[in-house]
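Questions regarding the structure given below will be posed in turn.
Letters A, B and C name the chains as they come in the text, with residue numbers starting at 1 for each one.
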Amino acid sequence: MIASMDLSSINPVVLAAALMVAATPILLAAIGELVVEKAGVLNLGVEGMMITGAVTGFAFAVATGNPYLGMLAAVAGGAGLALIFALLTQYLMANQVATGLALTLFGLGFSALLGQGYSGVSPPRTPRMDFGPLADIPVLGPILFRHDPLVYVSLIIVAAVWWFLRYSRAGRILRAVGENHDAAHALGYRVRLVRVAAIAFGGACAGLGGAYLSLIRVPQWTEGMTAGAGWIALALVVFAAWRPWRALLGAYLFGGIVTLQLTLQAAGWRIPVEYLAMAPYLVTIVVLVIMSSGRARRTLSAPGSLGRPFHAAG
Amino acid sequence: MLRLERRPQPSRTWVWAAPVLAVVLTMLAGGVLFAALGKDPVAAIRLIFWDPLFSQQFAAFSRPQLLVKAAPLILIAIGLAIGFRANIWNIGAEGQYIIGALCAAAVALAFFPAGPVDARFLGLEFTMDSAPSRWWLFPLMIAAGAAGGFVWAMIPAILKTRFNTNEILVSLLLVYVAEKLLAAAALGWLRNPEGAGFPGSRNLSRFPEAANLELIPNTGMHWGVVAAIIAVIFGYILLHRHMLGFQVQLAGQAPRAARFAGVAPARLVIFCLGLSGLMAGMAGMFEVTGPARMITIDFNAGYGFVAIIVAFLGRLHPVGIVLAGFLMALTYIGGELAQFTLGLPSAAIQVFQGMLLFFLLALDMLSNYRIRLTAREVTP
Amino acid sequence: MSMPLLAIEGLTKTYPGVIANQDVSFAIGEGEIHALLGENGAGKSTLVKAIYGLIRPDAGRMLWRGAPYAPAAPHEARATGVAMVFQHFSLFDAMDVAENVALGMDSPPPIRQLAANIAQVSTDYGLPLDPHRLVGDLSAGERQRVEIIRCLLQNPQLLIMDEPTSVLTPQEVEILFQTLRKLRGEGRSILYISHKLDEIRALCETATILRRGKLVASCDPRQSSARDLAEMMVGTALQPPERAGRAEGAVLLQVEGLNLRAPSAFGTSLKDVSFAVQAGEILGIGGVAGNGQDELLAALSGEMRARNGAITLEGRPLGRAGPNTRRALGLLCAPEERLGHAAAPDMSLTENALMTGAQREGLVRGGFIDWTRARGFAEQVIRRFDVRTPGPDVTARALSGGNLQKFVIGREIMQRPRVLVVNQPTWGVDAAAAAAIRQALMDLAQNGAAVVVISQDLDELLAVADRFCALNAGRLSAPRAVAGLSMEQVGLMLGGAGDMEVAADNAAETLAQARSGVVHAEA
């Protein structure tokens, strides 16, 4: 970590680079949940899917010695858990809030069970991208071009989601399903199928975000290591007003706060560590308040059928 | 092809049969899980559900534990259930529980007899020579615990009513804040000055006026159990006899109809979050002064989250919650037994509890829908 | 006779406990506007869904130009050449017109090109529409245009329209009819579903009449009287509501300069709404859906608060009072949406009776509910208003629309209101129940209460109301006596031109006065 002794020695370049790393897990989880919510589903189980991804990714990476195989396993793990949510809410008509909570409670227990025997183990290292001379550009080089591949993958996912929602026909259908599922159904679209696909995508992204924590950011497995990152990702979707690029902005702002907080801890600020560690949660709450109080704007951007159950009658 | 057909009325049979079936299915799935972990499934299930109550070896210790574990779960779940019925989702009971415990402990420690008195508490000859009996201290601590939980729950409540902020996210995020506060207290301002630098507060059970002791020896009966019983009766009357309870349910089922009927949504949010926070805070107070004895870094044992399962499993109904609370208490106690005797990991019980909620949510469908076999029909 | 475009032979569809269509046969010719006539619940929707591929019939067959036609999904129907404009539009508020149109097409062109196509078609058929506007900001008539253009872009041979005029002003109806006649002129066929007899007689050359799922008659509506058609549709001779003449009463409810901001982005703000209702009077408020009806009801019921002096009940300002204060003083309301607003769907009738009757019926004492009395009150409502249900323990959701509406209106009337405000009292209700509800409202006024009926059904308003005014874009026109009001005047009022006409009248009057002045001067 950053080992500076006083505030004056905090290096803004190092800080900016660390910010991208700190932001990536919640960015991945948030962009997935954004798609889920755009399809009209509220999956509160992001935390559970993230931690499941963190442990499956870790276990597979250790077993195979390949971090990328671990990430694939995390994607499968997150998506698998999400499919339980999809089955319960889309086919068995279970309450989305309750099912999301169940997913989180189950995921925390399940990951703790799977993760036994992995604490203290080091995962295989994920190499950084090699951008050649780009990495040597002063200031920009260390900030932008010396990261692991997943940082760039997350940016590509954001761009892809943006393009998908805005320009593709499938994205239009997904938005229609989230906006008014009865109308979409009447037009002959398969509401449940679209939603199941979105939920699975959300789970895959959350799983990948979890794996980023356990394989790259920390990198280690500890029980409950997501520590609310999934919930912060949920708040980020509100902050982003369901727009992909704003999710990116929000994630990086948030990453900045986390990084700064850690830097201050390391710099030996006279505030006890526990209070500094509250900062990310408190900041998230403050941001939620600011974003929610703009009433008219919010009603315009929240998907119309968000969280409402769909049952095709007759 | 299977089709779900909505029932005109929820089936009364399935409303109560679903949780029973969910428990049975969870036992089966849990058995598979235990077998996969290399444990004898039958022995594990027996150890969890049977032995704590009926085995010669364990029952004497386990039975009183049942009340000890069930009381906080029931107390918290009653408060949550009232909110859930109104579609107000306080999922931060864990945080309110922590803050309640902290407030109560802080009050107790503020009145802790000065000087090196610890040793004297051990002796029977101890008399408080100078100070009169401070009978008011324990009620004051209950009030402090309740107030702590209430205030912590008021944060999401006020943010929701004033700024339309999602109470699910705020109440949950505040759990993490509360955990950090707990750590700060255990390491800092509530740390036992005679604890040789170890984290954690003084032991409150050494302080009779502030301790939540067993009321009847070897039963597990303590003041928290009394509070839980009162909460159950209160919850029942509120939900089934009182206009406020009717408004709670109306707001949950048909918010527009509730506004039409004159229910003020903001007041309901304050009421439901406040009540559940208050109950969770009290649960924390009884725990820290009783079974837990002191504030420690990891004093909270997830009761606030498991109470959510209890509330759903009990159908958000006070009587159901009592039954569900005992069942969940049993899985805790049985889980510990299985941990000691079979080496079953404690996380397996968490998985078990999570599965129970899944099965319950899945089977819930049966009370509102009928499954029909139909010829394939075009329903895109 | 040439081969019909679509022939339906012996079509039958049953749902558990209901026969929606039984052995229905008829044919739609090429270039024909064919009316499908029937009450709510007569089986029109089921039949149309079968044609559009949304459901599959249990028996019978369909022939498209002589070839078997059995669409398994809407896209197959569309591929054949069938398009449908739904009664409840399948539109997405937060998306623009072009996107909405694209969603209704099986293989839409790129959005930019589609927008050009939309502009083209909309001018060709006299349906002006900007492809880039957000659908949530459109009026009901414009929203319907989106649906129609969506269909026309598929170049259909058969266009199905389900109750298309229920949301239109008379002037907009005329524009629609011109478009439909133009389509017929191009050789396309239209299946026109309605229960409005005048429209059908003006537009259609063939009518198929359904009653309780069975075909009653096929006829030429131009050759039949509206009365004959109505009796074929309903099955019995209908009694128009009756009431005796009425005396002038004291003003009970006065609304003065009521302004209210829309609660949601796509809602309507109320602007300077003023009216007064006397004891014994029924005031009818007409208007196309979405012009502020829900907001007006919310302002009167107390769900939304206004300036305190904006609403007075018997001289007492109530604008800021909550729903229960207003109830206690005798201002009662029945909203339009039965399930979820006027009643809680999953609660029993007893609980629903308690919902608004708690105070005036004394069902609650010291905060504790007297369930016996609540049940008694529900039973009274059920008995007096002939609500068909096994008993008060049944959930509201289990009742038919007509029965629940009788319960909801009856619940308020039984509480002896001083003023009763109802929104769409007979929407989606069968004719017998509608007649009973109208009669009950008139009886209530007869007994000295003031009644405000908000409705989109002009026939209903003109039948029950003493005075009529129209809501348009949140503004209320000045009320006029119903006696002697022509349909054209009503149409102008609905279109927001009522006040202009009044102004024109005034101008004419001043002119006349001026002239007479001149005459005087000359004399």
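Structure notes:
Keep in mind that, in the parts below, a residue touches a chain if its C-beta (ideal position, glycine included) is under 8 Å from a C-beta of that chain, and two chains touch if they have at least 3 such contacts.
Bear in mind that the values here come from a model prediction, so they are computed numbers and not experimental data.
More C-beta pairs touch across one of B-C and A-B than the other; that pair is A-B. Seen from the C-alpha centroid of chain A, the farthest chain centroid is that of C.
For the pair chain A and chain C, the distance between C-alpha centroids works out to 46 Å. As a whole-number value, the distance joining the C-alpha centres of chain B and chain C reads 50 Å.
Chain A and chain B have Cα centroids lying 29 Å from one another. Contacts with at least two other chains are made by residues 54-55, 73-74 of chain C. The set of chain B residues touching two or more other chains comprises 380.
With touch defined as above, residues shared between interfaces to two or more other chains in chain A number as follows: 188-189. Looking at the complex, you find that chain C touches chain B at residues 16, 53-56, 72-74, 301-303, 322-324, 327, 333, 335, 337, 340-347, 351, 354-356, 358, 364, 367-369, 394-395, 397-398. Across the complex, chain C is touched by residues 5, 8-10, 241-244, 246, 249-250, 253-254, 256-262, 264, 377-378, 380 of chain B.
Residues 169, 172-173, 175-176, 179-180, 182-184, 186-189, 296, 299-301, 303-304, 314 of chain A are the ones that touch chain C when the two sit in their complex. The residues of chain B lying in touch with chain A in their complex are 4, 6, 37, 89, 91, 159, 162-166, 168-170, 172-177, 180-181, 183-184, 187-188, 305, 308-309, 312, 345-355, 357-358, 361-362, 364-365, 368-369, 379-380. If you check the complex, the residues on chain C that touch chain A are 15, 54-55, 73-75, 86, 88-95, 99, 102-104, 108, 264-265.
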